[in-house]
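Handing you a structure now.
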Amino acid sequence: MSNSSVPLLSAHSITKSFGPRTARHQVLFDVSADVHAGECLAVIGGSGSGKSTLTRIMLGLESADSGSVEYESQSIVGGRKSPGFAALRRESGLVFQDPFSSLDPRWRVAKSVAEPLSLQRRDLNNTDIDERVAAALTMAGLEPADFLNRYPIDLSGGQAQRVVIARAIINEPKVILADEPMSAIDVAARIQILDTFAAIRAARPSTAIIMVSHDLGVVQHIADRILVLHDGRLEETGSTAEVLGNPQSDYTRQLIEAASL
Amino acid sequence: MSNVRRATTGDRRAAFVIVLHSMWRRAEGKFALIVLALWLLIAIVSLFWTPQSLWATDGYHVWAKPSAEHWLGTDGTGADVFSWLLAGSHTNLVIVLLTVVASMAWGLLLIAAMVARNAALASSSVVVVDALISVPTVLIALILAVPLGASIAVIVIACGFGYGLNLARVARPAALLASRSSYVESALANGASGWRVLISHVMPNILPVLAVQLSLSAGTAVLAESGLTYLGIGVPSGVPSWGHSLATSVKLINVFPLTVVWPGLIVTVVVVALNIFGDVLRDAIDPVTNPALREIGGER
Amino acid sequence: MSVDVRGLKITIGGKPIVSDADMTIADGERVGLIGSSGSGKSMIAKAMLGLLPLTAVTNGSIDMGGTEIIGASERALADLRGRYVGTVFQNPAHALNPVMTVAQQIALPLRLHYDLTKAERADRVNALLSKVGLDLDMAGKYPHELSGGQQQRVGIATALITSPRFIIADEPTTALDSITQRQIVDLLTSLVDDAGASMLFITHDFSVLARATTRCYVLDAGRIVESGPTADLLAAPTTPQAQRLVAAAQTLTLHTPKEDSHE
Amino acid sequence: GGKKDDKSASSSNQYADTVTIGLKLAPTNLDIRNTAGSALDQILIGNVYEGIVARDSKNQVAPAIASSWETSKDGLTYTFHLNKNMTFFNGDKLDAEDVAWSINELIAKGYHDADALAAVSKVEAKDADTAVITLKTPNSNLLWTLTGRAGLVFDKDAKYDLKTQAVGSGPYTVAKFVENSSITLKANEKYWGKNKAKTPTVVVKYLADDNAAVNALKSGDVQVLAPITENLAEPFKSDSAKYTVKAGNGTDKFVLGFNNASGSKLADKRIRQAIRYAINHKELIASRGGADKALGGPIPSLDPGYEDLTNLYPYDQNKAKSLMAEAGYSTDKPLQLTLTYANIYGTELGDQLRSQLKPIGIDLKVNVVEFSTWLQDVYTNHTFDISLVDHNESHDFASWTDPTYYFGYDNKNVTKLYNEGVAATSDKERDAKFAAAAKLVSEDAPADWLFNYRITTATAKGVEGFPFDLNQTVLPLYNVTYTK
Amino acid sequence: MRFVLKRLALFVVALFGLSVVVFAALRILPGDVASVMAGVNSPPERVTQLREQLGLDRPLIAQYFDWMSALARGDFGTSILTGRSVTSLVGARASITFPLIILALLIALVIGLPLGCAAVLARSATVRAVFHVLAIVGGAVPALWGGLLLILLFGRGVGLLDVFPSQGFPLDGWGTPGSAISALVLPAVSVGIIVGASLMRYTRAALGDLASSGYIDMARSCGMTRTQAVLRVGLRLATPQLVSVIGLTFASMVTGVMVIENLFALPGIGNGLVTDVGNRDLIAVQSELFLLAAFFLTVGLVVDLFHRVLDPRLKTATAITEVTA
């Protein structure tokens, strides 16, 4: 199912530097990546290797210094003016590492989850929105009646992260970016998140997921394909089984060794 | 099955009651609420009625000692000091309200600039605040008083300017935290405009800081009023205010020193109440710190 | 040094945080403490150090090498801390003093407990720096100039400089990536073993737990629900809470795959 | 001081070396030729600088640098016979050349008070000891004018900064001057005349704050306080063993000036009269401690032409109300007026006037401003309804004859009478003309004279020779002594 | 370094802006020094004549540039009214105001720092609450009133106890240091208590935050007692923040100082400024205001730079506010 020939989202030869002119340091060196509809791509690599930066560029959250990004074959480079950008905005969802800093502490769950709709779908009335919020929460594994009116502070880490996921999927995105969605919550809760992603993939098989993680156990569990970054360079890429079972580069091998029991 | 509750008027009323109740539950909150309510009450009442008319001057009984008729004695015109003290409450209330509004408007503008996505605007506004904040309020008041003369406007503009800077400086970390948070990033990714983010995400999250800082400003404005009025660049003559009463009591110090005690005591108590009010309000209006507020409409 | 916790009970603001906890750590033993987030692991560690917040009420007994911790004076506790008990914190960025250089930071327990000359101190610091795998020229740097892994090494060096008899490590690897994580765990265990000290290791990561400890306790909502040798416990947890934790951990552990394991 | 003992009488042995005097209004500089304000006259004239003639405590002309003078029949020539062997404190000789130069310079350069000498055609030194002033028209005020700044004699050869130094011929010299704060006077060792300083050092402290002033006297920081607020003087009055408190006469007129110019709301005479009837002067005076004197017209008792006019507009609210009603105003439909005055007079008077005028249908807005703002708005631009100012100058009736003055008062008969008085060659004739003019003015009610302010002075026991009358303008200090 | 340059550039721009504002504000006001000098009984021509003499009739731009170019040469001009150079005027007044400010600041430090520390160190919740109340009440007292109460208690002549001069400054100023100091005691205490209370509050807040931070835990785990850790580590870490608070305090003290100078009849800068504005001695006022503003901007600058020296983390940040979160 992940083998449609045209990728949903693709990046070519991305380079990126940060910092002021005097102290510039390059974070990405000519990296290319793509993800197909229905596919789960895992981006792994050591801390600071540029995982977040690459994926953020792909989702148009950051601009690249050079290279191109295409969503459904339309360029998104150049922000709002570019043809693919608006579609990408509408059809993508975001899940970040720390669920608590992803939820406005002074907004109720219902309001947070509904936010993408209230921003993008002016055509929906309140009842529609309420229904969709409830549906999204249910899909994320939370009983709506129980959670709609809570504030983030009354949620556990796993619950909060599932609220964030509900927000990410409410507008039926074609692509979800999950940047280390499990590293800030405890082991027991991680399982729930994994289950949630599995449920989403089951319910909406064409959804593409880009998952950034340094937790190989998680990656192994969910990803179809893996992309390994090392110090801003593409180390290797391939199917999960290939990369984990038969790593090509030394660096990947080390990563795998350190992670196994 | 959906149970999304939108804030209804009933909810808002409930929230208001809860906030008040949460404040009232604490001893210091009780104190602040009582003092401020009394202030409000006296301000309104004294607008229409004072024990003696402010203009009932009696040249034959100036600087009289306290008596049954004049509880705090009379001033240099023979008018009732107590009545002037009561009447001062509404001028101070107006000054405080205007100053709070002015400093909030100016402060929020600065905060908006400081957390702007435009890096040049953000960093230059930060540096400007850092620099301007070292100019004393009284200097600004003195400069303003030159063209404006003694007037309430001098107090309000000078204090509003200074306290706005202060507000911006103090609220900036919270504003920055909110504006750089993942929820704002997510909102932006969903196409929210900078202004929308500012209003719907940043503002609610600096509300607690705002509550504290604005009530501190209110207290400082009351203090500034007394100082500036004494210096002759605050409330103009003939307008009752606590600064006026305090300045009048200075004249009485050699004749009836104890009269000095009252206006200062009132100012101190009110300023203490304002400071406490801010602290208590912060805890009460914030759903994060006030669980009761989170329960509204929650049937779990 | 052996540690004996009996009937430990911690309450903050009327809310019970830890109830009736019994733990023993024998001399030279490395013991783990696991449990989901908020179960009270850190509170137990802090109780052992006498670092609980002023609002906390503590009951029971903590015997540390013959010294009773609960109710001891701050002075007595301070004499113990840094000298006989070393601590490695979870997040070094929030623990290392930002205005102290690496060398000053590492030398702090020495300065507080021993009367050494500057040169002697510098010698010891340098020796330990190389033991934890940091370049000597790191000595003059400030914490914010170091990476997370380097900061954590400084934390370990500080905990070990006085050759304490007991080490408390409260999630020392959580903020690190897996390669660094592995290095830190190995470093810590080897140094503890070399020194013949005992250690309490708090973590939620089971691969780390398995590597670092021989025996462990499972904490749930402030109660110790299970204990036993780490290997046994991981292989066959008996209580439902432990089973849940272990099952989750197992799912999330990388199994070097022979074929596509995707379901 | 061994020298001192030689020249003073034996009794002066007990005199303190220093007397400290607390005054109120401080001079900002010492430039008596350019800077207005009675603070300078008070401290410098007769002490540091001397005039060709001087003023005594009854406001009469007395000899100073001129020991005598005569006036020609036609009143146009004044011949002054000067004392001999006069010197300035710097040692320069003082003779008729200096006299002529000083006055001519004043007129030529237009220094302060030059306008008062408009009638002078020339001043000459006839010989070293005789100076002659020739007038274009007779002026009965001339001699009195010369007791003030116009007649001061400066050293024509000395070069110094008038703002910070003073070179005079008086019994004292300025040893130190701190603007707005203090002046230290030292006895002039070379003083030529008979008014030799009895106390070697007189320190004048300016105490703007009434409380600070009272405390200074209480704690012994000053031995004299002039003025002291009458109300605050109570404790000193009751402690007569240690203090002397006395009110002195003066020419201070607290003038509630109306804007008489046509177009002003107060161009209506009924309103002006109503205000005069409505003001309870007795109460005003009582509230200030009761030392001040009621004053019914523009001329105070120490000035020529004084007559008690207080019966012209006695306090009568009913009359005031009916006048207001005639003019179309009542308490229900009050007339809005603004009173503008300088903050140096305190806020009490404004507040009292506001409440006294309220019952007759005047809503008085009181605008207390900086003195400089008053000068600009009221004095220069005439944008005001009512003004309040202490006209402390003596012999200043001329302002009622000048329609361009800020009152905007214009009555040909008054001008005529006044001019006749000025041209008069006998004092009696002059006084009669002035009195008639003053009565006309008061009847027209172009202003209300709230009271003739009398300065209350408090001295510690042991202080002798400090003048009580007129001491805010004429304050000879040579006679002041203090015995501890 | 870039920061320093940026901050200096801003300093210059701010000074320039201030000079324009001050100059303009002073020209809008009614009245001028010429009419003050002429007084009430002079003919209008006299005012015109004086104005010409004083150069007040020249175009404003020309006057501004005269002023600025003189400033650039370090010449602050001469007060029209007193004839003295603004430098010496300000100098004389500053010789009262600055000792007053410094004394008040010392008192504030002596009160604020120890009490602030004690408020954090106290183990008893009641004691901490008492300190909290003290800080709030102390900061809520109007300076004027505090001064009055002190006069009523200790002022010679009025007070219950005849201890300190209730008002005024010795004539020969610092010629008699003893009486000069004793004249400053009550004024300094009235300002110092208020500032001390707010300093106490800041100290308490800054230390309180730190006391529950990892830094303190770390220091204690190395073998410090809580008290040692708070005083040695906490106070050191709070220092940059406290330095900027003290810098800001400087500015916020000035209102109090001006009021107190007037109340205690001290011929200091505040008192003088009010007088000069009253007299419309524009050249003096504009230079005085300018000097004062420049002084406070300099304090701000110095505090910022000092802050940077004290906190190694700041080397990369662009503004203090960035790290004082």
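Every chain is named by a letter (A, B, C, D and E) in the order it is written, and numbering of its residues begins at 1.
The criterion applied here is as follows: a residue touches a chain if its C-beta (ideal position, glycine included) is under 8 Å from a C-beta of that chain, and two chains touch if they have at least 3 such contacts.
None of these values were measured; they are calculated from a predicted model.
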Check your understanding: Common contacts of subunit A and subunit D?
Key -> B
Study note, to complete from the structure: Any chain touching subunit A and subunit E at once appears in the list B, C
Point to revise | Most widely separated chain from subunit A, with each centre as the mean of CA atoms | key: D
Study note, to complete from the structure: In terms of CA centroids, furthest away from subunit C sits chain D
Exercise for review: Could you give the separation in Å between the centres of subunit B and subunit D, each centre being the mean of its C-alpha atoms?
Suggested key: 48
Study note, to complete from the structure: For the pair subunit D and subunit E, the C-alpha centroid-to-centroid distance in angstrom is 40
Review point. Where the CA atoms of subunit A average out and where those of subunit B average out, how many Å apart are those spots?
Key: 46
Study note, to complete from the structure: Flagged in subunit D as touching 2+ other chains are 211, 214-215, 343, 370, 373
Point to revise | In subunit B, residues with contacts to at least two other chains | key: 232, 250, 253-254
Point to revise | Where subunit E touches two or more other chains, by residue | key: 29, 158, 262, 277
Exercise for review: Spell out all pairs of chains that touch, sorted by label.
Suggested key: A-B, A-C, B-D, B-E, C-E, D-E
Review point. Hey, which residues of subunit B end up touching subunit E in the complex?
Key: 114, 123, 126-139, 141-147, 169, 172-173, 176-177, 219, 223-224, 226-228, 230-232, 246-247, 249-250, 253-254, 257, 260-261, 263-264, 267-269, 271-272, 275-276
Practice item. Over in the complex, which subunit A residues touch subunit C? Could you list them? Key: 46-47, 156-157, 185-191, 194, 214-218, 220-221, 224, 239-241, 244-245, 254-256, 258-261
Revision key, fill the gap. Within the complex, subunit B is touched by subunit A residues 59-61, 89-90, 92, 94, 96-98, 101-108, 110, 112, 114-116, 119-120, 126, 129-131, 133-134, 144-146, 148-151, 153-154, 167-168, 171
Exercise for review: Using the touch rule from the top, collect the residues of subunit C that touch subunit E in their complex.
Suggested key: 46, 49, 51, 53-54, 74-75, 77-79, 81-83, 85-87, 89, 91, 94-99, 108-109, 112-113, 142, 144, 158-159
Exercise for review: Can you check the complex and tell me which residues of subunit E touch subunit D?
Suggested key: 29-33, 35-47, 49-50, 81-84, 89, 92, 155-158, 165-168, 171, 262, 264-265, 267, 272, 275, 277-281
